[in-house]
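Letters A, B, C, D, E and F mark the chains as written, and numbering starts fresh at 1 in each.
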Amino acid sequence: MRIDGRRNDQGRHIKITRHYTKYAEGSVLIETGDTKVICTASVEDRVPPFLKGKNEGWITCEYNMLPRATQSRKVREISRGKIDGRNMEIQRLIGRALRSVVDLKALGEKTIWIDCDVIQADGGTRTASISGAFVALVDAVNRLHKRSPFKIYPVRNFVSAVSVGIVNKVKMLDLCYVEDSRAQVDMNIVMTDTGKFIEIQGTGEQYPFSRDDLNELLAMSEKGIKNMIQSQKDSLKMDCLWIGTGESDEKVNNSK
Amino acid sequence: MRIDGRRNDQGRHIKITRHYTKYAEGSVLIETGDTKVICTASVEDRVPPFLKGKNEGWITCEYNMLPRATQSRKVREISRGKIDGRNMEIQRLIGRALRSVVDLKALGEKTIWIDCDVIQADGGTRTASISGAFVALVDAVNRLHKRSPFKIYPVRNFVSAVSVGIVNKVKMLDLCYVEDSRAQVDMNIVMTDTGKFIEIQGTGEQYPFSRDDLNELLAMSEKGIKNMIQSQKDSLKMDCLWIGTGESDEKVNNSK
Amino acid sequence: MRIDGRRNDQGRHIKITRHYTKYAEGSVLIETGDTKVICTASVEDRVPPFLKGKNEGWITCEYNMLPRATQSRKVREISRGKIDGRNMEIQRLIGRALRSVVDLKALGEKTIWIDCDVIQADGGTRTASISGAFVALVDAVNRLHKRSPFKIYPVRNFVSAVSVGIVNKVKMLDLCYVEDSRAQVDMNIVMTDTGKFIEIQGTGEQYPFSRDDLNELLAMSEKGIKNMIQSQKDSLKMDCLWIGTGESDEKVNNSK
Amino acid sequence: MRIDGRRNDQGRHIKITRHYTKYAEGSVLIETGDTKVICTASVEDRVPPFLKGKNEGWITCEYNMLPRATQSRKVREISRGKIDGRNMEIQRLIGRALRSVVDLKALGEKTIWIDCDVIQADGGTRTASISGAFVALVDAVNRLHKRSPFKIYPVRNFVSAVSVGIVNKVKMLDLCYVEDSRAQVDMNIVMTDTGKFIEIQGTGEQYPFSRDDLNELLAMSEKGIKNMIQSQKDSLKMDCLWIGTGESDEKVNNSK
Amino acid sequence: MRIDGRRNDQGRHIKITRHYTKYAEGSVLIETGDTKVICTASVEDRVPPFLKGKNEGWITCEYNMLPRATQSRKVREISRGKIDGRNMEIQRLIGRALRSVVDLKALGEKTIWIDCDVIQADGGTRTASISGAFVALVDAVNRLHKRSPFKIYPVRNFVSAVSVGIVNKVKMLDLCYVEDSRAQVDMNIVMTDTGKFIEIQGTGEQYPFSRDDLNELLAMSEKGIKNMIQSQKDSLKMDCLWIGTGESDEKVNNSK
Amino acid sequence: MRIDGRRNDQGRHIKITRHYTKYAEGSVLIETGDTKVICTASVEDRVPPFLKGKNEGWITCEYNMLPRATQSRKVREISRGKIDGRNMEIQRLIGRALRSVVDLKALGEKTIWIDCDVIQADGGTRTASISGAFVALVDAVNRLHKRSPFKIYPVRNFVSAVSVGIVNKVKMLDLCYVEDSRAQVDMNIVMTDTGKFIEIQGTGEQYPFSRDDLNELLAMSEKGIKNMIQSQKDSLKMDCLWIGTGESDEKVNNSK
């Protein structure tokens, strides 16, 4: 049995609170067990230089932790004078995940800034960030849609993420911090509601893993993803009705 | 009447939630109206170089805002590559305010890190930070005290802060953002529960003010301070009984 | 008696040398006792982005010390790689003080850069900087005025600053470094020639102070301010005749 | 047919030149088609702070490109003043990949610095870096081994990497730049010579992919890995005989 | 006799490989003994702000070393967070040397970026960089010339550089690292093919030198320069025929 | 005739004020014409890491300009966020020049920090800095010597510097800013009182120069150096009697 009494294929309790702060176009507090992340989506009426004049939008993310989100206090990036490598990797991942389910041409010349600020970290902060940020993104897109309807509603699919891993040779879903810090294999899966992969990042630095291991982990992650997407739907209720009405999942963006 | 219906000498609703996150030795969410700040106190078993071997402790603060705590998104310090001048000023103020009521020799060779992270900003974030951080500090000191009692309990007084100001020639207590952005005179007062000043910072960049103006504003602030200290006491309940048992308020620290 | 033989309410000798260096539109060496600051005012024909198109000017300040202005050598900011918090606080204060007596709309779309570089520091460098920078500012404004007269002369009032404090429970005017480093209460007052406050910054980190203490300190500071303004007038002579001819002191700028 | 005439499951020509520069303990030029990377391994007789006194070694990597390794000149990191997010992600990946096949306890209190500097980039620079850096690492470890034999030879397995992807819905091995820039799915696989995964990083930002797609890509990558490991063996010749003599692949490092 | 068997006035073997990498407009690997530098010239169709609208071009240089180009690994500039003083000095020198033989008005509104990246350092990297960068520059200028002929061919002269020095009171040409690290006098000479000086930088930090010493060193350097220019000519062959056809060496640029 | 009426081989008026500020062990204001530099020497009782335990001292320099030392205001390094290349080159030059005349072993494990802060710049700031810093250095060394006599007095020679150049094909001594900005050849010479060179830095970016040109410029510089050394002697008076009593000029330091 696991440290917090869960079965190996059981995720933690998920709670999604929308409209958590009042200024952002989308603002969500997502909690998965003791992990808590504030995800906001902010709309800006311009695009980064590399997209100027291309009639497309952009979604970009910044991820950070409050200094005492963790067991021992972590020095702020600005105090160390440089960006944390792990933070940068995570925010790039979140950005890719969200862009993958949005039709950026349909969005038009807008940037949506996603901010994921972890206020309490107990493992799985990057996957919680993706899942929570998606809800904030939908709220922001809907605010735009209500003010001036998009021709093609830009959000095509739900996207969620979960972690799976191997701890003491046992495969587990949704690792908490204690499990994660002992994991031999650590894998993050990003998936749409059509069951397709957006991203697979698996590392066996401590324990090279086989094709069979991989298959079992992927099966486990599918279960976790379904659960998370259900939580997103429960939270968004009527506000997710437009998703996917624009275009199918098999999009081919040629932009880089 | 004021924009949110308050009388001129009326502060906003105060709510202090202790044990807001689980890792920090002290962790408080303070809300004054729509302003919300997470204040944590973290204990570290060493002191900065300038205090090494002096047998004294230190309290230092870092203040920051989440990017979308404000009406328009603010670029993170690490993205701009430099520390925000306003943030630095505020964190120095908070540090001074808390150190002023703590016997640093009694604390011993420890550093208490105060982190004030604003998650929603509607004016008065620096005064709310001081008031909330004090409660987090007491929780952290008590945790040390319970583990191994101090000879002299280090917290000597309560300390709180409020803002006052002149808006359209009218003097007001506890300005919200809309009032603050139009204020002609803007003043922050830090005071102990014995009614003495720790800090007065008043600026009349838009409207030089007289001695009489000053006196009226100070009288108004005393009312706000009393209120805030009562909220701190209500929140701490039995956990503030040690405060002031160590030594009197008239301390003379010679350390810098 | 004080360390340098002064009475408690006596300021140090003030010396203001105009046209100290040859390129700046205004260039002043101000000496108060052993404190020496070079203050220059430089005119630039554009405004910062947030004022573009608003038909107003701006005044901004940078404050720094030469590395060996102090008793032990201080590492340069660029060598430490970050801006000193104290410097930033001081330069923001100087900027506010000067802007408070200037009609920025009358100035027009210009930026006046104030540089205060301390070449020798013996306490009171921030107040000396404000007092000296005002003279440099007037010289720079006059240079513009002679070249092409302003419709409304932009400088409305004199502004000066002094420090007061409590050392060993004794209240004193214009603290030198030795006094300042032992001060229990440390207060900086910025005032106009009409006797109104622009800024009050008082800190009793070592010694919470009462309303009565405050009143005595403010009375003492008024004396110091009068003295300093007289020195500014003696130095500027005929070149200060335009000050206040534009508009009254009770201005209400709505710009932030 | 592919742009350079290859079959879909055909990798590019691999050339590994050992002892490419003269000072580093290991120094390799690896070329895969037009991609050229200088990989050096440098031994330092100490470990980072977090490993002090733990009697273990460390392997860390820095990855960079010469400014004109690419079609248009890329600004140096030091000129932009901040580390490139992509570079940081890649160097973290390379470090993990190499550490995964080394017994860090057997290595002892040493750090091996891996530097991968791309002098010409035509796609697949991160996978070439891993494959080349492994050879440099073995040379550096052998140099230590010859000077003073390890009790347990620290390198347990070969490790190599390849890229696979989906371009215009066609699955391909070892993408060159033109293919990579149009790829809908982009995947990097790191694998040992026992056919186990160290790392899977797959992104379908442009094209969510199915389990079947994944399986086909993984099969293709296995072929590429085998080829690359053969090239490493051909290059190392007798100098790879010690690999794996220390301990089996199924190691369980508990260090983080 | 010298450490590597050379006579005192004998330079090391020179090898210049053009078209070393495939993307840059000019790309050269220059080797002088064990010193190896990749020099690229990249054309950009705009000029820095200070030249805008002046109808002139610019040539600027960046110089760097791979971390393990040297005997012990050197920390990257981006990791130290600041630019190396020595690197900056060298890149400014290379820029001046190349600009001195180019008619920037004839070049037109273009910037040529020179990148000198040392992959192996055995003394004389800055002089090798100048000599190699000149060849890369000519290749880049010729590429422009072939696409659209210049009215006046912009390269007026060959430029080369060598080092000379005094080691154990003995004067020597083209110091290798071991000699350089013991040199009492260290001098770098940049010269045109007309035998005129562009730059003399001589330092006798360890050994003040006389006019006679200087004269002997200059004579020695002339020999080295001639040799290096011959190597440039041998390498460029027919591609250097245009050099000097535009205008004479006695140019007087008034640009700064 | 020159712009300021001087003959071509005539330097500007030199004024050296010792004990210019009160804290530094050596503090000099040097003026050459309108160029004014504050040079301080500060003693620190430790050496940089690379000299630890070697029983030698070190001399290092920082050079900077006040923002309005120049005709148009120059942005501070800390505001630009990076060190100015020119500043870095100059401070390295000053450091080498001073170290060349000091017996660092005789100095013992001390660092002397030289700070050269230009308060007004009219050409020749680097040479004025060297000449003024030498006097500050002697004052600092004497202060040490008086407190506890050196076995071997560490300063062996006087060192001074001047600039020479070619403007409109005319050779001139000690260029002022207007001349310098039009110079075709610009040369800085550092020399001891025994007439030997410490450093020659000559650049003909605008005008390659011949051996004959060089010889004429060197002859001119000797005259300027003699003048400057006389000014140093006149200023130091009896305080320069120890110089050279320790050891002869032909020192051979083997330290790097």
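Operating definition for what follows: a contact is a pair of C-beta atoms (placed from the backbone, for glycine too) under 8 Å apart; a residue touches a chain by one contact, two chains touch by 3 or more.
Remember, predicted model here, so these are calculated numbers, not experimental data.
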item: Listed pair (E-F, D-E or C-F) duplicating the A-D contact set, over half by residue number; value: E-F
item: D-E or E-F, whichever has more C-beta pairs in contact; value: E-F
item: Between chain B and chain A, distance of the C-alpha-averaged centres to the nearest whole Å; value: 35
item: For chain B paired with chain C, centre-to-centre distance based on mean C-alpha positions, whole Å; value: 28
item: Length of the line joining the C-alpha centres of chain A and chain E, rounded to whole Å; value: 51
item: Chain F: positions in contact with at least two other chains; value: 81-83
item: Ring topology as an ordered chain list, initiated at chain B and continued via chain C; value: B, C, F, E, D, A
item: Sites on chain F touched by chain C in the complex; value: 21-24, 27, 34, 36, 38, 40, 42, 44, 62, 64, 66-71, 73, 76-79, 83, 113, 115, 117, 119-120
item: Chain A contact footprint on chain D (complex, rising order); value: 82-83, 85-86, 88-89, 92, 96, 99-100, 157, 181-182, 184, 187, 191-192, 194-211, 214, 218, 249-254, 256
